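Multiple structures are listed underneath, in structure tokens.
Shared chain: chain A. Partners: chain B in the first complex, chain C in the second.
Right, the complex of A and B next:
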């Protein structure tokens, strides 16, 4: 191996170690016994690792509830997004109808609007309808996904028109074509979008912080903050165990399906 | 005809209604509210003209949120884009000799993009903890005095910027790697024939100009992410100490949803939105025009 390659290798390895540091620190504290966390003799790696903090986080805190809320909210959002988006994206790609161009133009325009911009009016609307502090408030605003519509329309447009026509001649309904032809053929894009959506909403703090004050409805990031503010600095071990449990599903998913994850998250551009 | 029409409505109706209800209508409302003194829960509101905007740009607090956000972005954008490029070029250069290792490092760099930022911010908080944290432990061991990472007004924004860079380097790296792999090998061969013998001169002759469109795109995306900084502020500092880490989205949240000043928070939203739109316009003008020479 050439010397220049060795130098490059050394530098990128040091960088990678720096990127890993907060992960290592989190895992390390999560397996340290209470006394070791508060010892003045600080070390990066645990001396006498224990799973005690994890048992504490699972059995005596609301972390499992937060994780379950995360599954309900991200799952609910994804299912509704697909239900709304797939037929519309199919129609935008393969049907001629009045206002199609206008609809597509407004999808592109809506791509420019970050969620933060709509938060105040949406909050007022939910307050009026007495829907704050419900799963509905956490899920419904995200059914409108310009990004999903755009991404899936582009994917469905690549399906040959002859194929769609053949399905029509076979007597399939338009809704049937959307779900039984376009949906499976566009599956790689659907998966990329699903990864993007689940990651974005599992990790989101902004909207759950606004829409809910009830700890029973807290999604994982919101829950982590509830936990930290309650424990007042004494339960750092269980807090880190909880934080590890919160990042675990996505990190494991990423490590198992790196290519798909990178595609799903890197194709998002300004929506990241 | 009518049946055709019904089919179209069934297919696109729900999505169109959702777009109107949750995106276009709220945008319209936020622009109107920005010119009123509306408070959440109030039964009426008064038209106050540009008073909210004058407040935002005229008050110390408002100006601070804006300058903090700009300073944060001014640190995060060049650092994160520069490091992202360096890591991408480094990994690309060893990807042929050590493909497995290069891939493993790529995964590590990308990890912060997938990991929940709030959870990671809790870990960063413990790294930066004044007495129990690893950073100060190392600083003292190396003979420096301990740093008040999150409690010193002059330091806190830089501490948050470190996390901002940490979070976005991997994302930028992936975009640059995609740009690098799309450069045809023949260009490097041609450059070598033309006398560019060292890797360094080939970088400036081929790689850098070919990465132009990618770089602009990465800059814009990083800027948009930096302007939106919220999770780390909400988790670690709540804008403090003494508003030294108050940023525009955090101010939006605090004024709107802690103090319930919907009108003022709407004005912050409008300013934030226009800044992001400006970025997009720049992207469309510059990137789209240049992208064809790829």
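Right, the complex of A and C next:
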């Protein structure tokens, strides 16, 4: 092995260790019994590993409810996003209409605006409409996504115009073309976008913190906060077990879809 | 008049650009028409106007005498085979061929997966469609390939799938957009014959759009030559080749580009041509012993069956002559006299229009 390779490998290993250490520590604490968590010496591996913390987190806290809320909110967001974005992206890519260029330019401009800028107006609007503390408040602000629109428009623009014309000749409606031709052909990009969307909204703490105060509506990261407040910090084991349960679906999902994820990223031409 | 499709005084403008300028063209029942022109002349736009993929700016489109100017492509029930074949890459060959029928015969609800399990009507419709797909795939020798995806097929096979998908719907007219340009020479000749055979068997009106004059000459019953958005001549292949209406058509048609002698030089070859240019096909321009046009041989290129001479005539006029099967070829740099049979001369006036000349 060449020296330069060894140096690169060494740096990557240090980076990976730095990123992974908190997770490893979390896992380690989550399987330690209560007494061992507060012992004075530090050990990475528990002396008497136990799953008791997990049992505690599942059976005696609201974490299963938070996970359920996470599924409802992220699933709702993703379904609505695809429902609106796929026909819109198809129209932007393959239909001639007045103002198409201006519309696409405004989509690109909207990419530059972080959600935090619009969060307060949206919050006030929802407050006026008495929508705060509902699933609707957690889902609706994210259904129109400039990022998804941009990503899918770019993917659909690569579909040859002749194929779209062929579908029209065959008698397919414009909506039919969006769903039966553009959607399946843009599938790698759709999957990449779905992973982005689910990851972002599963992990989102900012908006649930603003839009909801009801613990019954808490998404997983919000739920962890409620849990920490309740337990007032002395029950670290179940807290870590809960945190592990919250990130587990994403990690497992990522590992299963790893190949498609990196493929999708490569094919969208967007890096990082 | 069943089965005829016609454009009547049709103009198509994109912004200030006139792509198609007041043309009229009719596809009669059972007729094979070729629309021939260089790229950018508006022939693809004309095809899209026939198909209903573009709407006309002015004029009418008639299908079997009915006004279909506003009707969409699928309402006109026109089949179109694209240059790139435009098969659905995510569907199998069988699904590709079945698609037009499914969209035509089944409603959106009936197309849902599993609908045939619930409704006997849908089931019998789907069986009919499968039957039609089977028949079409046997006719085009695709029956072994029905479960493949288009990406797994050769170019020729993809083209047959595109043909099958176009023909399965029993169209009112069949439009072909440059169908041969993606094929190699061998396959090209076979496909020409195959398309001719399909035309004869089905009897649909065919419109072939091509930039290749030999495709048009060899396949069509009638050729419409299009230049700069206008149709400049319509006629049988023989008429187009033997009596081109303008100098532009004359130089466009023919395997070797026609020689044009400007007015002054032309009189050295034919005395009664005052003010006219003369066109002579290179195949007709031969070396004579006396009384011809003096020229110097620039290059001699051997092509097997034929030899192409590039010559320099009076006023540095570049001429080409194609000699077939001759052993007494001139050498490069040699002075020769050129002549031609009077019947092979084409006269053109100063506007480039055909002018009859005394034989």
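Following the convention adopted for this analysis, the second predicted complex is superposed on the first by the 244 of 272 C-alpha atoms of A that agree within 3 Å, B and C clash if a C-alpha of one lies under 4 Å from a C-alpha of the other, contacts with A are read in each partner's own complex, and residues count from 1 in each chain.
The criterion applied here is as follows: a contact is a pair of C-beta atoms (placed from the backbone, for glycine too) under 8 Å apart; a residue touches a chain by one contact, two chains touch by 3 or more.
Since we're looking at a predicted model, the values are computed, not measured.
When both complexes are superposed on chain A, chain B and chain C fit side by side without a clash.
Legend: residue contacts after superposition of the two complexes on their common chain; A:118 is shown touching chain B, with no touch to chain C. Set side by side, chain B and chain C differ in how many residues of chain A they touch, and the one touching more is B.
In the superposed model, A:220 makes contact with chain B only, not with chain C.
Centred on chain A, the angle reaching out to chain B and chain C in the chain A superposition, using CA centres, is 100 degrees in steps of 10. By the touch criterion stated above, A:157 is placed in contact with neither chain B nor chain C.
With both structures placed on the common chain, the touch criterion links A:165 to chain C but leaves chain B unconnected. In the superposed model, A:37 makes contact with chain B only, not with chain C. Of the two partner chains, chain B is the only one that A:88 touches; chain C does not reach it.
In the superposed model, A:16 lies in contact with chain B only, and not with chain C. Touch criterion met: A:185 reaches chain C, while chain B stays clear of it.
Between chain B and chain C, the shortest distance over C-alpha atoms in the superposed arrangement works out to 9 Å. Common to the chain B and chain C interfaces on chain A is no residue. Contact residues on chain C toward chain A in their complex (touch as defined above): 48, 51, 53, 72-74, 78-80, 82-84, 86-90, 99-100, 103-104, 108, 165, 169.
Residues 1, 4-5, 8-9, 11-13, 15-16, 18-23, 25-26, 29, 37-38, 40, 42, 44, 83-85, 87-88, 90-92, 95, 97-98, 103, 106-107, 110, 112-114, 116-125, 127, 140-144, 146, 149, 174-175, 178, 199, 202-203, 205-206, 209-210, 220-221, 224-225, 228, 236, 239-240, 243-244, 246-247, 250-251, 253-255, 258, 261-262, 265-266, 269-270, 272 of chain A touch chain B in their complex.
The touching residues of chain A, when paired with chain C in their complex, are 160, 162-163, 165-172, 176, 181, 184-185.
Of all residues in chain B, only 4-5, 7-8, 10-12, 14-16, 18-19, 21-27, 29-30, 33, 40-41, 83, 86-87, 90-91, 93-94, 97-98, 101, 103, 105, 107-120, 122-124, 126-127, 131-134, 137, 166, 169-171, 174-175, 178, 199, 217, 220-221, 224-225, 228, 230-231, 234-235, 249, 252-253, 256-257, 262, 265-266, 269, 272-273, 276-277, 280, 283 touch chain A in the complex they form.
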